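Two complexes follow with chain A in common, the first pairing it with chain B and the second with chain C.
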Partner chain A sequence: MVIEEIEVKEDKTVKELIDELKLSSPVLLEVNGEVFYPDENYGKILKRGDIVVLIPIIDGG
Partner chain B sequence: MDRYSRQILLERIGEAGQEKLAKSSVLLVGCGALGTVIANNLIRAGIGYMKVVDRDYVELDNLQRQMLFDEEDVEKGMPKAVAAVDKLHKINSSVKIEAEVKDVNQKNIEELIKDVDIVLDATDNFEIRLLINDACFKHNIPWIYGAAISSYGMTMNIIPKMTACFRCIISSLPAPGSVDTCDTVGVLNAITSLIASLESNEAIKILLGDRDLNRELLVIDLRDNSFDKIPVKKRGDCPLCRDGKFEYLDKKGPSKAIKLCGREMIQITPQREMEIPLEHLKGKLERVGDASYLGFLLKFRVDKYELIIFPDGRAFVKGVSDTETARSLYAKYIGT
Partner chain C sequence: MSVRRLNKILLYDEGAAQSLNVEEIAEYLRKKLAKIGVEVRGDPFCRLHDRISDYAKKIACIKIQDATRRMLSGQETLYGEIEYEKKRILGKTRAFGVLYDGLELQRIFWEIISREQRSLEFVHIFFTNRLFATWDEHDRRYHARVSVYGIPSIISTTGVVEAPAKPREYYLLKQQYEMLRKDLLELKDGFKGSFMDYDDERLTEVVKGYAMQAVFYYLIGYPFCEDKGCRLYNAHWQEELIFAQLGSEYEFCPQHKGLIEDENGH
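After this line comes the complex of A and B, so read on.
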């Protein structure tokens, strides 16, 4: 469980990226300094070479 | 005031701030790794009143990180809220502290948060946090989210109508069993202590009316000692912030059976309020298995299963991974 950075290899939507990653936790995304909720921006296009930061939201305590 | 002299020296607190703290009231939901540290900090800091609510009891593998408990609590099978409050009374007898051994749910949360100035989250699942979020939004009470797993933790102040709410961050519940937990990937005591300390510090600031609050999601990873402040904004389609829908608060009845934290343990919650005479139940159960009454709870072993039964009718069923078997054991030995 860590903040991860991934580089987008080809243009795709946020939804496509999330489906591809099969994440176990809910996440916030940061792209080019902008933080957003993935499901509110499923149609957003991520460009090849974009660095996407995945910030897992956790529930342990 | 001598007891608090070192913090009164801080300009932001002073004697006036200390008096303000002494008049403040806090609800602490959950008394595990985060909750014991939060309670310890706030009781020592001299808040006026704290209610500690927890549904669980102390086990040996809690002692690595749950700072108010010891081996005697494990041997006695003490409920966490009771064991914590016993210790906290010894630490600061001038603070009024109450223990509630119960599952926080839709039926009781509004009563629990009534008259408190702030709610501190020290729970271990998303569903209860979404419930706290609804209740606090409805009653305009600030709360502080905190969570930790592995070496990773996060906290955020959630102030109704001012900040994003928890429903903004988590739009829907992840599928059961899909999320890593402390029981599946572990947790360092340093990260739970750190997140809990940040939560208690922010709580003191909120109680004092300090404007210099954390308004972002603070994310810490002790693997590389990274501290990140993530700006989070209100979700445009948030059912709570935008539409005022209390979907978790308005759910009908508590969950009947839920799996706990990746453990081979299911909690069964009765759908109606009840009080079980545990000593009487012990008399019945010892005819078919090994039953011991520990004052606050009843432990019952039969075949490969163990049932931990509380006076309010809740039971943890250990040694099962499916809710149907747990329900069946509950019905068989406790009733419906």
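After this line comes the complex of A and C, so read on.
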């Protein structure tokens, strides 16, 4: 996984987005300049058109 | 490939090996990335003295007891373990015999960063001598790691020694030495130079490459390169690590070298 931007297609919560994405590694999210762990903000509403940056946490070695 | 604009690189020394020269790494990064400021912040806990007990407890709770069992969040911890972590945070011990969950450790360090600097514009790198591991769902066990890239990125000086595998021959001979109760130092001497060891004088040079992996993670979203001669190669063997960081004829592959040059406006 790489750091990537996605556009929210319809209003949904952070929890719904994370469930939908079925990510293989843990991520941080950046929404409107604010970075947070999804589980800190599961109820936050993402609006249609919002740009969400997925920031995967990657291990090495 | 989109390249992110970076504001500053911030280096923290969370009790890394004493042979690690963080100032030298900072100087290296300044030379490589002339337009990005590099600041050495030192001990990340130094301004948090009223919260040392909280952090000590949090860190004590993320110890891995058994590498074949996934750590449960909120696991119980003992008073003595919390006291040990307090000493460790306060720099009263630099012991490194404990294994931590790397993702949880990264998340604890995230809490230390001020809210306004929790962003991809600030490259936060924590150097530590704590050994950490991450859970692998494929073989359902923890694997020791050198680094975890995120906000912040953490690089383990103990991980450099312990995470990438040593030569297969070494492990075979080690079994024989243990069976015959022979001196393991003698065995290590036979392999001298072929893997990283504690107090290794090559440590700072090696860690410069891992710091660059952290920078690329922020810059282009991915820390690694497939080229075994590039410092961004994700080495799983000591031999690969030594080649990528010390033995290759070039530091970076043409693509990553080009990105560094672009960043410097060449």
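Annotations for the structure displayed:
Basically, the second predicted complex is superposed on the first by the 61 of 61 C-alpha atoms of A that agree within 3 Å, B and C clash if a C-alpha of one lies under 4 Å from a C-alpha of the other, contacts with A are read in each partner's own complex, and residues count from 1 in each chain.
Here is the rule we use: a residue touches a chain if its C-beta (ideal position, glycine included) is under 8 Å from a C-beta of that chain, and two chains touch if they have at least 3 such contacts.
It should be emphasised that the depicted structure is a prediction, and the values quoted were computed from it without experimental measurement.
After superposition on chain A, the partners chain B and chain C collide with one another. Of the two partner chains placed around the shared chain by superposition, chain B and chain C are both touched by A:Glu30. Once chain A of one complex is fitted onto chain A of the other, the partner contacts of A:Asp50 are absent, as it touches neither chain B nor chain C.
Looking at the shared chain after the overlay, A:Ile3 reaches both chain B and chain C. Once the two complexes are laid over each other on the shared chain, residue contacts for A:Asp39 go to chain B alone; chain C is not touched. In the superposed model, A:Asp59 lies in contact with both chain B and chain C. Residues common to the contacts of chain A with chain B and with chain C across the two structures: 2-3, 26, 28, 30, 35, 37, 55-61.
The part of chain A that touches chain C in the complex is made up of residues 2-4, 26, 28, 30, 33, 35, 37, 53, 55-61. Residues of chain B touching chain A in their complex: 30, 32-35, 121-126, 129, 146-150, 152-154, 168-171, 174, 178-182, 185, 187, 192, 217, 219, 221, 223, 226, 228, 230-233, 235-237. Taken in their complex, chain A has these residues touching chain B: 1-3, 24-26, 28, 30, 35, 37, 39-40, 55-61. Contact residues of chain C toward chain A in the complex are 4, 102-103, 106-107, 110, 118-120, 134, 144-151, 159-160, 163-164, 210, 213, 217, 220-224, 234-236, 241.
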